[in-house]
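One structure below.
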Amino acid sequence: MTFQANVSDAMSDVTSNAATGPAPAKEPEMMLAVEHVSLSFGGVKAITDISFDIHKGEIRAIIGPNGAGKTSMLNVINGFYHPQEGTIYWQGKVRRRMKPHEAAKSGIARTFQNVALFKGMSTLDNVMTGRGLRMKSNFFWQCIHKGPALREENEHRAKVEEIIDFLEIQHIRNKPVGKLPYGLQKRVELARALAMEPDLLLLDEPMAGMNLEEKEDMSRFIIETNQRYGTTIALIEHDMGVVMDLSDRVVVLDYGKKIGDGPPAEVQANQEVIDAYLGVSH
Amino acid sequence: MKFTKAKFVTGMASGLLAATLLAPVAAVADGHELILPSLDYRTGPYAPGGIPYANGYADYFALLNERDGGINGVKAKVVPCETGYNTKKGVECYEKTKNIGSGALAYMPLSTGITYQLIPKVTADKIPLVTIGYGRTSARNGQVFEYVFNPPATYWDGATVAIKHVIDSEGGADKLKGKKIALVYHNSAYGKEPIRTLQALSEKMGFELTLLPVDHPGQEQKATWLQVRRNRPDWVFMWGWGVMNQVAIKEAASIRFPMEKFVGVWWSGGENDVLPAGKDAHGYKSVVFTAVGDGFQTHEDIKAYVYGKGKAVDASFEQRIGETHYNRGIYAGALVAEAIRKAMADNDTKKPTGVMVKDAFEGLEISDERWAELGLANFTGAVKLSCADHRGPSKIAVQQWDAEAKKWSIISDFVEPMDDVTTPLIKADSEAYAKENNITPRDCK
Amino acid sequence: MSVAEEAASARLETFPAVLLRNAKQWRDRPAIREKDLGIWQTWTWNDTLQEVRSLSIGLAELGVKKGDHVAILGVNRPRLYFSFAAAQALGAVPVPVYADSAAEELAYILEHANAHVVVAEDQEQVDKVLEISEQLPALKEIVYDDPRGLRDYDHTHLHSFERVQARGREALASDAGREALWLEGIAAEKGSDIGVMLYTSGTTGKPKGVMLSNDNVMISAVNACEAEKLTEKDEVLAYLPLAWVGDHLFSYCQSYVAGYCISCPESADTMQTDMREIGPSFFFAPPRMFEGLLTSVMIRMEDAGSLKRKMFDYFIKHAEKVGEDILNGKAVPFMDRLKYNLGELMVYGPLKNTFGFSKIRVGYTAGEAIGPEIFRFYRSLGINLKQLYGQTEASIFVTVQPDGEIYSDTVGKPAKDVEIKIADNGEVLFRSPGVFVAYYKNEDSTKDTKNEEGWVYSGDAGFFDDRGHLKIIDRAKDVGKLNDGSLFAPKYIENKLKFFPNIKEAVAFGNEKDKATVFVNIDLNAVGNWAERNNIAYASYQELAGHPQVYDMIRSHIEKVNEDLSKEPMMAASQIHRFLVLHKELDADDGELTRTQKVRRRFVAERYDDLISALYSDKTEQYTKTEVVFEDGRKGSIEATVRLSDAKTFAYAQSEAAE
Amino acid sequence: MSVEFGFFLETVISGLMAGVMYALVALGFVLIFKASGIFNFAQGVMCLFAALTFVGVQEKFGLPAWLALPAAVGVMILLAWLIERLVLRHLVNQDPIILFMATIGLAYVLEGLGDLMWGSDVKLLDIGLPQGASDYMLDNFNLYVEKLEVVAAVIASILVAALAVFFQKTRVGRALRAVADDHQAALSVGISLNTIWVIVWSVAGIVALVAGIMWGSKSGVQFSLSLIALKALPVLILGGFTSIPGAIVGGLIIGVGEKVAEVYMGPFVGGAVENWFAYMLALAFLLVRPQGLFGEKIIERV
Amino acid sequence: MFYRETGQFKTNYSDDRAIFPIAQDRYGIMILLAIAFFVIPFTVDDYWGNAIFLPLLIYALIAMGLNVLVGYCGQISLGTAAFMAVGSYASFKLMTSFPGLDFTIVVLMSGLITAVVGSLFGLPSLRIKGFYLAVATLAAQFFIIWLVNKVEWFYNYSATGQINAPERTALMFPVTGPNAPILYKYFFCLIIVVLAALVTKNIVRGRIGRQWMAIRDMDIAAELIGVRPLTTKLSAFAVSSFLIGMGGALYFGVWLGAAEPTEAFGIDQSFLILFMIIVGGLGTILGSFLGAAFLWLFPIAFKNFMVDSLGLSTAMSEHLQIILMGGLIIFFLIVEPHGLARLWQITKEKLRIWPFPH
C-alpha cells in the first residue's frame, strides 16, 4: 500500500491560500469595514481618509513604514481612539462610538506592539483574565469560591489549558510573566487574546524582536489559529517575508494614507508601495 | 510527621522569643515597691508639654525615696511608659503596666484622649485614675465614676474662673451683657470641653460666644485670627495644646489684640507656650491652680536630693524646675503620695491595693497646714475629696506672663469656680454616661 | 455481568481478561494517569476498560484480526498503553518500538515484524512511518494519538485515535451482539498464545523479535507482584521506553495484575518534576539514571554555602556508616540511630523528596551493573534499592536481591520459579516460566540461545558466591585473557572507573594484549563544573577533554582504580597502564552506544582502531578523524589529535588462584 | 474702600502669603519628583531636621546665625550624599511605590535622629526676621499684612529665581532638566545619575532648610514642623508634581482658597474647614485636569 | 527542608487552585489556627489581649482591606483612617440607635455602610491615577473626619465629641464595653478576621481578583480585553472599604472602646496602615498580617527591650526605635522590595529545594 507523499507538505498547502485568495465559491462575508476614517491628535493627522475592509476568516495584513499610522488604525478598530471622521462597520452594521471594553465584548481582541501583559500575574492568570468576559458567576459565589464560581473557574481553566497547550507554553504556566523572555511574553499575549475567543484578532507586530525560530513558531501559531478556530486576523508586521507568507490580503499605509490594497503579490509589485519602503521622496 | 513537628518546634522557638520581647517585665528588683505608672510623652508633637509634667511627677517620688526613704519606708517606683500622646499606645502602656509587681496604684495619663480610654478600664480593674486639671469633667460625680478623680479643677471650672476674671476686669457681671468672647480651641475632645459651660454662661450673662476651632497641630491659624480681627471680640479664651498655643499668641499679637484680654486654660499657660512668642507674649494670661515658680521647700529639696544626687530622670531639666507644667506634676505626685499614705494608715498595711488607694482618695484631706508640712506652703488650695465629690474644693487663680522677666506671676486671688453653673451640667453629663453604659450610680451615704 | 464477560475474566490468562476483572474489582480506582493540561488526568480501571474496548473494536473495524502485529510507536502515553490491551483483546500481537529509533532502524523492525497497523504517538512518528511506508508492504493503517499538525494529511489510511474509538463505539451501538463477541474473543485467548513481541536492541547485529507468550509475562508478573507485595495502592511512574521489557512488565503487566496506577510524565523534560509530584512507591531505573542523579546532587551542592555543605557532608558520611544497617534492620547504637534520624530530617529526607524518592518502597535498578558506591549511597539514604538481573528472553526476571540480603557486588538470588546453572565456561544459564517462546522469524538464533530443555544461554559470565548470590562479571563473550593468561573482564574495570562522577563512560581493552588500556569519556557536567571552579577556560567538549589538567585528574582516578585492582587477586593483572580521554562523547546516533546506552565495544574498537594501536605504542599523541551524525541527521566528521597518557600501576602478589 | 472689602482683601493677601509658605515646602517635593520620580514623603521631616540643625548648632555650639546657616547647608548636603549612598543607589529601577516607601523609612530616621541630637523641646528660631503685622499697612490702610510672610514671599521669589537660573544657566541644572525627561539623555551630558541625585537632594535639602527657617520663625522649631508637609500636598496635586511654577501658583490658589473658605464658609458649618477644603479644591481641579495644573499631559498609548 | 512534596499531585483544577496547594502549608496553617483558637484564648490576659492580639487582628483586617485596593487593584489610598472612622461611627450609631442589635450584625452593617461611602470616594479614581489619586484620597480623609467631628448627631450630642462603645453582645456573648471578657473579644475578632481573610482570598483568586490585578498591572490592556474600569475599580473600593469598615467597627467597638475622631482616625493612622501593607507585601493576604504584626509589635517589643532590659529612658528608646524602624524599612526594601510576604516566599522556596541552593 502507498500513502500519498504530499501530505507531509501541509504547510505549503496552507500558505498557497495566499496566492489564490479565499475560495471564490462563496462571496466573502464582511467582518469589519472602515470607510473614510480620519484621526488627528491636536491638529496632527495620524490617519487620513482611509477605507478598507476585512473579510471573515481571512488574514489581513496592515503594512507601512514607521509612523504610517498602523497602530493608530488598530486603536481605532478596537475603540481605543475615536476617529473624527468616517464610519466603521462591524459585522455588517454601523458601529457606534464605543469604549474599548465594549469593543472587546463585541468580539475584538488584540495584542500590542510593546508587550502589555499583566506583569505581576502568572502566565495562567494572564490567560485566565482573557476569559473574564465569559465568566458570569456572581459576587456572592465568588466570595465563597464554591458552587457555580468554582465550576465556572474550572471550566474556563480547562479552556485556557487547551490554549496553553496549543501555544506550547505549559512550562511557564505558573511563572510570573514579567521575567519571561520576550518571545514567550509575546506568545502569552497571544494566548490571552485567544482566550477571549474573538471573532477578530488584531496583532500589532507579533514578531517584532524575535529570532528566526521564534518567528517560525509564531507564524505557525497564527496560521493554526486562523484555521483551527476560524479566527479572522488583522496584523501589522514589518517582516515582508512573513507578511507575504501569512496574509490573504494586504493594505499598505504611508503617512496616514492608504497607498495600496490587495493580495500580497499584487501589493508587492505596486510602485508606490516600493517607493514608500525605499523612502523615495514624494 | 517529622516535618510538622520540626516546624512546630521552630515556630514555638521564634514565638517564644517574640513573646519574651513582648511580655511586660513583671518582676520587681528588690522587695515590695509602690508601683506608679507614668504614661508620659517625651516625643511627638506634644512633647514640650509632656516633658516638664512627667519630670515633676517623677521627681516628686524620687524626692520621697531619697529624702524619706519612700512612703512609710516603702519605696515608690515610677514606671515611665511612652505614649507619644497617642491613645493606642496609651492603652498598650496601661495594659502593660497595670499588673507590674503587686499592681499599679494610680494612673495619670496627662491626655484627655487616653483618659477617656482608661475610664472604663480602670473601673473594671479597680485602679484609681487621677486626672489633675484635665480629663472628663463629669468624673467629678463619684457616684458614677467610682475610680476617677479630678481634683482640684476641671475644664469647666477653668472656664468659669476665666469668666470671673472677665467680670472682675470689666467691673461687674452686668458689664458682660453684649460683650463678645471668642473661644479658640484645639479641635478635639479636650478643646471642646469648655463649650457647654461657656454656652450656659453666655445665656446666663448675655455675652456673645464665638467658637473658633483650630485643627491639630495648629501651625497655621491665619484664618482664625482674621476672624478675630473682623469680629473684634472683647475677650479671647484659648483651649490649646502644643504648638497651637504659641502660634495663637503670636497671631494675636500680630493683629494687635490686647494680650491682657487673652486668657488661656492652664494647659495653654506653660513657659513653652509663651517663650517662642518673645516680647509679643507680654501680658498674656492663663488660669492656674498651682503657684508659680520654684520658691518652695520641696523644690529646694528636689534640687538637693534628686538632682544633687543624680537621681533625676532628666538631669538637664534642673534649670527649669518650677515651670508651671512641672509644678502640676509635683501637685499630682503629692496628691497620690498622700492618698497612698492614707491608704497605708487606714488599712494598717505596707502593701496598699488599688481599691485601698481609691478609698483613701475618697477620704483624702490635705489642709493648708498639711501642704506646708509637705514643703508646699501656699502652693495650692486645700484638698478634700469624698465619695460623691471627686473634685473637692477648688481654688483657681489667673497668672500673667512677663516677657521681660520671662516669668509668670499670679495676678489674682485663688478663687472658687462657679459650681452653681457646672453642677447641673456635671449631673446631666454623668447621668447620660451612666445610662449609656448601664451603670447604676452608687449610693454614697 | 454477562456470561461472556464472566467467561473472559474467569481465566486470567490474558491481560484483557485481567482488565475485565480490574474494571469490576477496582472500578473507580485510578489505573493510569497522565500529566496533561496542567493536571494529572486520571483514568479509572473502568475508564480504561471503556477506552480499550472502543479502541479494540475500532481496530477490528480497521481490519485488525487475530495474529496481526500492531506496532506501537511513541513515548509513554495512556493511549499507547491502551493499545496493548486493545490489540491483545483481538488476539493481535502488540509490538512496541523505541520512539527514538531512526527511520532506518524503524523500517527494519516494522518490516521484519510485518506490522499491519501502527499506533503512533504524534506527527513526528507518523512522518517517520510515512517516509518509509514504501518499504512496508504489510502496513495497512496508521492510527495516531495527538492530532496536532496532522489536520491536513491525507486521511485515507491515517486515523485519529478518536475516530477509531468512535468507530468502535458506533459498532458497539449498532450491533447489540458486538460486545459479547468481543468478550468471547478475549475468552478464547489462551495463555500459550503469543502475547507480545519485544525487539532486543542487541549489542551486535540486527534487533531480534522476542516472542513472549501470555503465560510468560503473566506468570512473571504474578510472581514479581507477590515477591514485592505490590498492591493496587502502589504508585508507579511509567517513563522508560515502551519497547523495553522492564517497562512492559512494570508499567503494563504488573499494573494489570496488582491493580496499581501508573503515571505518564508530561514530557521527558519534566520527568523530574513529575516524578516528584507522583512520588512512586515502586520504581525502576537503569544505573545510569542513579549515577546522573548523584552527579547532579554533588554538583548542586558545590554551590551551597560552606556551612550547609559541611552539614551535608557530615550527614552523608554518617549515612554511609549506619544507613544501610538501619535499612537492613540490623542493630545500630542508639546515638547513631538518633543522629541518623536528625540526618533524615536535615538531609536524607529533603534529598529523597527533591528526587521524588520519598515514598519508594521497592526500587529496582536493572539493565547493567551499578557502581557499588552509588548503590550504597542510595541505600544509605534509606531507599530500598535492589539490583535486578534480567533479560528480555526471561520476561526480565532472572535474579533479584531479596529484602535484607542486599550486597552491592551481587545481583541476588534467583527469582521465584527461576532455575540457574553456570556453564563450564562461566556462562550463566537459566530456565523459568518466563522464558520466551522463540525469536520471530529467526530460528537459528532461537536455537543458539535456547536449548531443548528450555535452558537459555544468558551470554553473561558469572558465578555464585558462598552466600548463594549470583555475581556477574561481564558478557561471557567479552571476558578475555591478557597475553599472560590472566583473566581480563573489561566491564568490571569500566564500572569501577565510571563510579567517578567525572567519568561518564569508559571502554577497556586488553584481550589478547600484554596489558590493559582504556578510553575515557569525561562527564561534561561534572568536569565542566570543576573547570569553572578551577578557572579553566574551554570552548568545546573537545578542548576540555584534551586539557592537561583534565588528564591529571583522570589519571588520579585511574590510579585509584589500579590500587583497588591490585588488591583483588583475580583482577590485579588487568591494571590500566595507559589511557586516553576521547575527543567526542560516545553516542547512540553514531552507533557507538545501543539505544539503551550500552557501549558497543566491538564497534568502538573498530572505529578507533588507530587510537588503540597508539595506546600500545610509545606515542604521546595521535591524530584521528571520526565520522559523526549530527542531531539533525546530517553527517560530518570530527578531527582531533588525542593525547595519550601513562598511569601508575601497583605491585601485587601473583596469584595462582586464577582458573 | 469699604471695611468689608478691605477685610476680603486682607483674607486674600494672607491667603497668598500662606500660599507662599506652602509653596516653599512644595518646591522641595517638586524638585525631587521632577528629577527622579520619587514622591519624597520625607520632605516635611527634612524641613524639621534642617531647622532643628540650624537651631541646634546655634544652641549647642554657640555658633552665630550667619555661621549656623552654612553649617546647616553643609549638613543637608551631607545628608543628600548619605541618602544617595545608603538608600537610593540600592533602589535604582524600583517601582515608584517602593521608593516612596523608602522615603517613609527616611522620614522615620530623620525624625528620630533630629530628636535624638537636638531634643524634642520647642526651640526658638529667631534670626532677626521681622515679626508681627506691618505697622505701616495697618496704620495707613488698615490692612493687616504679616511682615514675616512678606519676607517669606520675597525669599520665595529669590529662591525661585535662583532655581530658575540654576536650571537654565548652569550645566548641572541643564543636566537635571534632562534627567527629568530621560535618564539616558542625562548620562550623555556626562554627569552620572548618582551625582545628579546627590545634587537634587541637596537642593531639596536647602529648600527644606529655607522652608524650615521660615516656618520655624513663625511657630518655633519642634516636631509639628514636619506636619506642614500635609499642607503642601494639595498644593502639589493642584500644581502638578513636576512643575515649579505649578508649586507656586498651586500654593497661592490653595492658600487663598482655604482662607476664603474658612473665613466666609467656616462660620456657617462650624469652622476648621481649611484642611479638607484645600484637598477638595485640589480634587476638583484634578477632575478637570488629572495631571494637575501645570503637570505634563498624560497621553495614553498602547 | 520541611517541605516534603513528593506524592502531592493534583488530578483536578479545584485542587490545583486550592489556597494552599502544598500539604505542608495546609498543616502549618492548621496548626496556626489551632494555636489561635485553642491555645491563645486560654493563656491570654488583658495585656496580651488588649495590647497585642486585638490590635494585631484588627489591624490585619484593615490592612487586608487596604491591600485589596492598593496591592490588588493598584489604586493608592491615603484615606484609610477616614473609612475606619465611617465604620466606627456607623457601628456607634447602630449600637446606640438599636440597642438590641447583635454586634455581629452591627459589624457587617458598618462594613456595608463604609462600602457605600468608599465607593463614592472611589469615583475620582476613574479619572485620576497614581500619586495624584493618593493625594486626592486625602480629601476623603480630612472631610470625613471633619464631618464626624462637627456634626453632633454622629456622636449623639455628647459634650466633647468622644464616642464610647456601650456594652453589646454577639450571639449572647458580650464583646464590647469594659466588662466584656477579653476571651470573647478575642474570639469574636479572630473569627471575623479569619472569615474575612478567607473570603478576600477567594475573591482575589477568582475572576474579580484577576480583573483587579489586570487594572493594576496595565489598565489600558485590561480595558482592551474587556475589563470594565468603572465596575472593577469601584468593586475594589467597595470590598476594600467593607473590610476597613468592619475593621473600624472592631477597632472602636471591641478594642478601644472609646474614640475621638481627630486622634483615633488621624492621618497618621492612614499612613500606618499603608506602611503595613507595603512592609508586609502588596498584593498578598499574608503580607497584610505580617505587616500589621511588624508595625504594631516591633515598636512594643523594642520599647520593652530598650526600657525594661537595657534600662534606657523612655524618650531615648522612642527616638532610637523610630530611627531603627526607619532603618529597617529601608533595609527591607533594599533586601526585598516586595515586602515580608515575598521574603517568606523566598525562604519557602529555599526550604522546598533544601539542601540544594538553587
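For clarity, chains are labelled A, B, C, D and E in written order, and residue numbers in each chain start from 1.
Keep this in mind: contacts are C-beta pairs under 8 Å (C-beta built on N, C-alpha and C of every residue); 3 or more make two chains touch, one makes a residue touch a chain.
Everything numeric in this text was worked out from a predicted model, so none of it was measured.
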Partner chains shared by chain B and chain C (touch criterion as defined above): E
A-E against A-C, pair bridged by the larger set of C-beta contacts: A-E
Chain of greatest Cα-centre distance to chain C: B
Core chain by centroid distance, with centroids computed from Cα atoms only: E
Chain C and chain D: spacing of chain centres that average the CA atoms, whole Å: 76
Distance from the mean Cα position of chain E to that of chain D, given in whole angstrom: 32
Approximate Å spacing (C-alpha centroids) for the pair chain B, chain E: 35
Whole-Å gap separating chain C and chain E, where each centre is the average of the chain's CA atoms: 57
Contacts with two or more other chains, residues of chain D listed in rising order: 115, 120, 270, 272, 275, 302
Per-residue multi-chain contacts in chain B, two or more chains: 3, 6, 42-43, 47, 51, 187, 215
Of all residues in chain E, the ones touching two or more other chains: 1, 3-4, 12-13, 149, 220-221, 224, 315, 318-319, 322
In the complex, chain A residues that touch chain C: 1-8, 10, 13-14, 124, 157-158, 161-162, 164-165, 170-171, 173, 227-228
Chain B residues touching chain E - in the complex, by the definition given at the top: 1, 3-4, 6-8, 11, 18, 21-25, 40, 42-43, 47, 51, 80-82, 84, 86-88, 91-92, 95-96, 98-99, 112-113, 116-117, 119-121, 123-125, 136-138, 187-190, 192-193, 195-196, 215-216, 313-314, 429, 432-433, 436-438
Contact footprint of chain B on chain D as seen in their complex: 7, 10-11, 14-15, 17-18, 21, 115, 120-122, 124, 126, 131-133, 138, 144, 146, 215, 218-220, 222-225, 227-228, 231, 258-259, 262-263, 266-267, 270-272, 274-275
Residue numbers on chain E that touch chain D, as the complex places them: 76, 124, 127-132, 135-136, 138-139, 141-143, 145-146, 149-150, 220-221, 224, 267, 271, 275, 278-279, 282, 315-316, 318-330, 333-334, 337
Touching residues on chain D, where the partner in the complex is chain E: 39, 86-87, 90-91, 94-98, 100-102, 104-113, 115-116, 120, 230, 233-234, 236-237, 241, 269-270, 272-273, 275-276, 279-280, 282-283, 286-287, 290-292, 298, 300, 302
